[in-house]
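Single-structure report; data block below.
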C-alpha cells in the first residue's frame, strides 16, 4: 500500500468516491424495496421506492438538537464515524468479478471488526445521549453485539479454515480469494451439511447485526420509543439512517461472498465490459433475493423478542449450530 | 351457604343487624327480553354505626364483587352508596346489592372496607378526595386522583361552599357573545 | 575500541549512576530529581535506539565485561565462555526498546503526577533501579546474572508498589504479594541455575544451549522455569498478584511493571527457544503455553468485565492480553519442529505474539496513564464515582478512546495489526483458538465501553465542576504513547518487517544465538 | 418463517393490496398543480370509501324553515348552536358540532339535516366553511 | 427555518393524546392500516418527538397534559407542523364547562390544520394532511419569492 | 434505590400507550421491582359536567367517555335512567341494542388483538386484524351513521331501526368474520414468536382477580366465569344462551397470563357473532323507542324521581352507571364506572418481576381504557409523593445499572 504509485492512489480515490456514492444509493434503494415489499406483504400499497431518499433529504434540513446531558463532540461525531466505517467496509468488497478497492491481510476479519465498530458507534451514541431510554437501548445493543459475535466468527473462521486446508498457500481471508473459491465446491457430503448449517447461522445473525425485528430490542419502538436513537434528530439521524442502509448491503453481500460467490458471465462466454455488467447485475439480483429472505421476510413474519431471549438464542442454539457446522466441515476434511 | 332469594337476604340482614340498623330496604325486580326474565336489585339503607358489620355480613354470604362507591351531597349529610353484586358466575343468579349510608358533615368519617375487599381501595380514595370523607383505617396513601398541591379543603363534587366554585367555561364564550 | 561498542553497558550504567546521584541531588533540590531521572532515561532511550539500529543492521552483539572475548582458555586448552557478558540480539534489543520507551514515558509522567508526594528522591532512584533491573534481564547472557537482575528489579518494584504508604492497607498488601511472588521466582531461578551448573558446569545461555540434551534434570528445570516465569508474567492461574500490584502502584510505576512482566515473558521465550529449542518436545510444551494463554485471555477478560475499579479493570485486561502473546508464541513453539507448518503459519503466529508484546506495552501504558490522569483529577478509581468527565477532560478522553480501541483490536490501531497476525495464523493450528481469541477481544471491547460510559459520558457531575485537563507533562507522556500506537497501527508491515521479524528469527534460529558467542571461540 | 403468518404474508405478496387510494396513490409532484387540474377536471381524485345512506356529516340548515324554537339548543350536547336573537335564527359552529344529529330529531320543522360531507379539514377553525347559518 | 420539497413528502408523525376519548386516536392508527395506508405518502408514526415533523394532537387539553403538550412541542425539531384531529381538540366539543380543561389546543401551541369530526374518519385525517401539504407548498413558494431570514 | 434500582417513567406520552397514563417503574437490571400508577392525565371531569346537562345531552357525554366503548356507556346510562324513571324499553329496541353492543365487542376485540400484536412488534398482525376490523366499522356506520360514537342509544330505546333490507348486509359481515376469524385465531394461537412473548407473562391469579374485583376478560382469563350477560341478563341477553368464556374451554387449563387473555377475547368474538345471529333470527317487531317525542321525554324525565343502576358487559368488562333523578331537569347524581377502573389495580401483580420489554404487552393485555378510567379523577400530578428522579439522576442510575448488565 505505502509503495503505491501516485496515479494508482489517484484512481483509488476516484474509485473510493464512486463506491461510497454507489453504496449509499444502493443501500437506500434496497431499503426502499424492502419497505415496499413489506407493505405489499401486509396488503398495503406502501411508500414509493424512493421514499428513503426523501426521508434522508428531509432529515438533512431538520434542526439538529443536542440534549444538554450529551457530550456534544461525541454525540455529533458518532454518526459520522459510523457512516464512514460502514462505507469503508465496502472498499473491501468485490462486486461481481470486479476486484475490491482495498485488500490486504485478512479482509474478512477486518470486516467483522469494522462491523463491530458500527455497532459500538450506535452504543456510544446511545450512551452519549444521556437519556434513560437511550441507555437501556445501548445496553441491549451491547448485549446483542456480544451475543451474535460467536456465531458470526465461527462461520467466518470455519470457511477460512476449510479454504486453508485446500489451498494452503493462498491469502485465505482476503474476500477476493473466498469469492473465487465457493465453499460448496470444496466439501464432501458431510461438509456440505456443515456449510448449510453455517449459512443458517449467518442468515440469522444478519437481522441481529442490522437490529431488525425480531432482534430489534435496542430500538424497540413500543418499549423504548426508538431506543438508542431516541435523542437523535435531524442530520445525525439521517447519517445513522445511511449507515444502517449501507450496513444492510454489507451484511448481505457478506452472505453472498461466503456462500453464493457464483458469477454467470462465463456461462454466456462473455468477457470484458459485458462480463462486468452482467455479473454486477447478477450480483444486484442476488443482493435483492438475500435481502428479501434475510431481512424483509423475517422482519414482517415475526414478533420482537425480549433481550434475554435474543441473547439466549444467539449464545446457545445458534452457537451450537455454528460449531456443529464447523465440526462437520473439519470431520469432512479429516476423513477424506 | 346455599343460595338465598333477595327477600331472604334482606331478612338475613334484618336478623343479623339489630332492627334499627336498617333504616330503609327495598327490592326492585326488573324484567328483560321477550321472556320477561326477572332480575332483582336490593337497596338497603344502613345506619353508619352498623355499616361495617353489614359489609362483614355481606362477605359471609359470598365474597361480593365490589363495583364502586357513588357519593351525593345532600345538604347536611353526604350519602354514600356502595354498589355490590353477589352470586355472580351463575346464570340468572346474580343479585345487585346497593348499601346506602349517610354521614353527617359534622363528622365525616367512615370505616374502610379495604381490609375485607382490597379492590375497594381506589374507590375509597376517590371518595376521600371528592367529598372529603375521612376513611378510617385506610393507610394514608398519596392522592390517587388529586394532585398533592391541590387546594386544601376543596372537594370538587361537594355542592356546598367546599366545592369548586369557578369552572372554566367553554373557551370561546366570548366569541359567542360578540 | 570506539564508544559504540560500549553502548550496552552505558544503557545500564547511566540509569544506575543516576539512581545513586538522585538522593544527593534531592538534598539540594526536589524538583531536580525528576529532571535528572528523565534525562538519564532519555539518554538510555537514545542509546537503545542507536544500539537497535546497529544490531538490526550489523547483527547480534556480545559485550563482555572487562575483556574482548567471553571465553577463557583453560590450561587444558578447552575454551568456554565464563565471563560476565551481555548478549544482545534482535529479540533482546526489541525488549530493550520497549523498556526504554516505557520507562522514559513513565519518568515524564511522574514529573507532574508525583509532584505532591514526599520522598521523591527515593521514588526516583527506585524507579531507575527498576529500569536497570529490567534492562539487565533483557540483555544478560547468562543464567546467574539473570537471577541478579531479577532480584534488583523485584526489590525495587516491591518498594515502589507500596510507595503510596506501607501504613495504607492495600499498597502494603500488594507489595507483599509481589514480594512473595518474585522471591519464589528468584529462588526457583537460582535453583535451576544450580541444576544447570551442576549438570554442565556452564551458566552461559549460548554455551548451555549448545550442549543441552534434554535429560531428566533439564526436564525438571524446564518444568520449574516455565510456570514460574509465567507467574512473573502474570498468566492465569498464577495471576493473583497482578491486579493488586498494577492498581496499587503509582501509575508511572504500573506501566514500568508491565514492561517488567514482559521481561519475564521474554525470559520464558528465551529459555524455551534459545536454550532448549527443538531438543524438547515442542508440541507438548507449546500446548502448555497455549493453554496458559487461552486461560489468561478468557479468565482475564471475564474478570475485567465485572470490575468497578478502573485500574483493576485495566490490569485484568493486561492479563488477558498477555494471553494473546502466549498464544501466538506458543503456537510458534508447538510447530517449531515442523518446518512446513512453521513456514506457513508458525512464524506469522510468533510475529503476531511478539508484535503484540510491544503493542501491548504501548496501549496498556496509555490506558494506565489515562486511568492515572482520572485518578489525579478526581481522586477516585471507582467507576461509580466518576461520570461526565468527557466534558472537562477532552484530551484524556481522546487518549482513552485510542487506547481502548487499540486494546480491543479495532482497526486501524496497533492492537488490530498484531491480533490479525495471530488470528489468521492460529486458526490453521486449531480453528477454535482463533474463535476464542476473536470473542475475547469483543469482550474486551465491552469492558472498555463500560468504562467509557461510566467515566466519561453522561451529564457533568457537580462534584467534578472544578476538574480540568491534566498538566502538560502528563499529556505529553500520553501523546508519545498514542502516537506510537497509531503509527504502529497504520504501518504494521514496516514494523513487522524491520523489527519484529528479526526478533522472531532470533528466537527460532538457535544456532545463530549460540554462534554469536561460541563463534568467537 | 414457517408460521401461519408467514404463509399468509407470502400469499398476500401476490394479491392486490386492499388499499383505497384516496385521494391519489402517491404524493403528486405538486399538490397545488394537482388541485388546479382537478378544478379544471383534467385530473381525477380517487373517491374515499363510499359512505352509507343516512351518514351523519356536516350539518345543513334550512334558514327559512327555522322558527327559532331553540329546542335544538336545548339538546345540543356541545353548545355548537348559537341563537341569534335579533332575527330569531340559529348559527351552527361546525368546529363544535359532534355530529350526533340530535337537533335533527328534535327539530319540529325539520329545518336541520345531515349532509354527507365529512372532509372538513381547514387551516382556520373560524373560517366561514365551518360556520353554518 | 429551512424547507425543501422533500419535507412534506416524508412527514413523520408523533401522536399526542391530550385527553381525548380514543375515538380519534384509533382512527389515526386506522389511517395507517391497509385500508387507508398513510405510509403511501411517506407518513410514519414515530416514537420520539425528536424524530417527528408533525404533531397529531387529539382531545381537549387537560391541565395535566397541557404541560406535556408544550414540552413535546418544544422537543420537536424545526421545521414542524401541528395538526389537530377531532372536534374536541379543535374547540372542546362536548367537553366544556369543566374545571380541568383548557379547551382547544391552539391556546397552547400554534396549530396549522384543524380536522373537525367526532371522531374523524381516516380519510378526514388524510384530508387534513393534504391541507398541511397545501399550506407548506404555499409557504415554500413564498420563501422562494421572498426568502425569510 | 438500595439495590441500585432505577426508575423509568412510562407515559403519559409514550408510543406503547395510545392514551395518556403515567406508570413509574423501579427497574433492577431489566426487571421490574416496583410499580407506581399515576392515572389522571386524561381526566376531563365528565361527571361534573354531567351535572349541568339534561339526560339527553349526557348520553352523548357518556358516549364520549371512551370512543371504543361508545356503545357501552350509553347503554348502561340509558338503562340506569330507565330504571330510575321506570321507563319500559320495547323488546325490538332491546334486541337492536344488543346487536349494536355485540358488534362493538367484535370491533373492540379485533382492535385489541391488533394493538397487542403491535406492542410486541408484530405489525403484520396489526395490519391483518385492523383490515378485518374495517368490515365491522363499515357495518356499524351503515346501521348507525357513524364509525365510532354511534349515537344510536336513546333513553327508552334506540334512535335507528334495523330494517328488513339492512339485515342481509349484517349477515354478510358476520359470514366474513366467520372465515377471517379462523385466520386470526390461527396466527395468534400457533405463532411461535407470539407464544414466546405472551405465555407465562403478566400472570394474574384467580385469588388476586377476585380480591381486586377484576372484571371482564381480565377476570375471565384468570378463571372467574363472571359475565353480566350470563349472571344478570338484561335486554335481549335474557332470551339468549350466553355463557361466560374462560380459557380452559380451549386449552383446558387456566394460567391467567396474557396468552389466556388473548384466547378469551378471540373466543368472545365468535360468541358475539352467534349472539348477533340469534338476535337477528328472533328479533320481534314493534316500536324501537318508548317515547318518540323528545320534548315529552324530557318533561317526563324532569318529573321523574328515583334512583337506578344500569349495568352492561362492555368488551372490557362490566360498566355500571348510577343515576339519581330528583324532579329536576338535571340529574342529581350521575356516577359512571368503567371496567378499567377496577382492572387498573391488577397491573401491579401482573407487572412485578416482569421485564421492561413486557410492560407494553402486559399493560395492553387488560385492554386499558384510560379515557373511561380517568373520567372521574380531577387534576393529577405525575407519581404522587414517590420521588420520581430528575432526568440526571435517572441517567446516573442507568449508568450504574449499565455496569451491572453490560454485557
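As written, the chain order gives the labels A, B, C, D, E and F, with residue 1 at the start of each chain.
Methods note: contacts are C-beta pairs under 8 Å (C-beta built on N, C-alpha and C of every residue); 3 or more make two chains touch, one makes a residue touch a chain.
Quick caveat: nothing in here was measured; it's all calculated off a predicted structure.
**Student:** Show me the overlap between the contact partners of chain A and those of chain D.
**Tutor:** The shared contacts of chain A and chain D, listed by label, come to E, F.
**Student:** Would you kindly count the fewest steps from chain D to chain E, each step being a jump to a chain that touches the current one?
**Tutor:** Tracing touching chains, the least step count from chain D to chain E comes to 1.
**Student:** I want to compare two interfaces, A-C and E-F. Which one has more contacting C-beta pairs?
**Tutor:** Spelling it out, more C-beta pairs touch across E-F than across the other pair.
**Student:** Select the chain at the greatest separation from chain E, using centres from the mean of Cα atoms.
**Tutor:** Using the mean of the C-alpha atoms as each chain's centre, the farthest one from chain E is C.
**Student:** Looking at mean CA positions, which chain is nearest the middle of everything shown?
**Tutor:** Centre-most chain by C-alpha means: A.
**Student:** Of all the other chains, whose mean CA position lies farthest from chain A?
**Tutor:** That would be chain B.
**Student:** Give, as an integer number of Å, the spacing between the C-alpha centres of chain C and chain B.
**Tutor:** 81
**Student:** Could you give the separation in Å between the centres of chain C and chain E, each centre being the mean of its C-alpha atoms?
**Tutor:** Distance between chain centres: 65 Å.
**Student:** Can you check how far apart chain B and chain F are, centre to centre, with Cα atoms defining each centre and the answer in Å?
**Tutor:** So the centroids are 23 Å from each other.
**Student:** Taking the mean of the CA coordinates per chain, how far is chain B from chain D in Å?
**Tutor:** 43
**Student:** Where does chain B touch two or more other chains at once, residue-wise?
**Tutor:** Only 156, 164, 167, 170 qualify.
**Student:** Which residues belonging to chain C are in contact with no fewer than two other chains?
**Tutor:** Residue numbers touching two or more other chains: 443, 446, 449, 453, 457-459.
**Student:** Where in chain F do residues touch two or more of the other chains?
**Tutor:** In chain F, 14-15, 40, 43, 45, 48, 60-61, 64, 122, 124-125, 127-128, 131, 149, 191, 193, 378-381, 392, 395, 399, 402, 406-407 touch at least two other chains.
**Student:** For chain A, which residues are in contact with chain C within the complex?
**Tutor:** 2, 68-69, 71, 73-74, 105-106, 109-110, 112-114, 116-117, 120, 123-124, 127-128, 130, 138, 142, 145-146, 149-150, 153-154, 157-158, 160-161, 164, 168-169, 172-173, 326, 330
**Student:** Quick check on the complex: what are the chain F residues that touch chain B?
**Tutor:** Those residues of chain F that touch chain B are 37, 39-40, 43, 45, 47-48, 83, 91, 94, 210-215, 224-226, 228, 230-239, 242-244, 282, 284, 307-309, 311, 318, 320, 322, 324, 332-333, 335, 337, 341-342, 344-345, 376-381, 384-386.
**Student:** How about chain A: which of its residues touch chain E in the complex?
**Tutor:** Counting only chain A, the residues touching chain E are 35, 39, 42-48, 51, 53-55, 57-58, 61-65, 221-222, 224-226, 229-234, 237.
**Student:** If you look only at chain B, which of its residues touch chain F in the complex?
**Tutor:** 28, 30-37, 39, 41, 43, 63, 65-68, 70-72, 81, 83, 85, 87-96, 98, 117-123, 126, 129-130, 141-150, 156-157, 164, 167
**Student:** What residues of chain A sit close enough to touch chain F in their complex?
**Tutor:** Contacts found on chain A: 41-44, 69, 127, 130-133, 135-136, 138-139, 142-143, 146, 213-214, 216-217, 220-225, 300-309.
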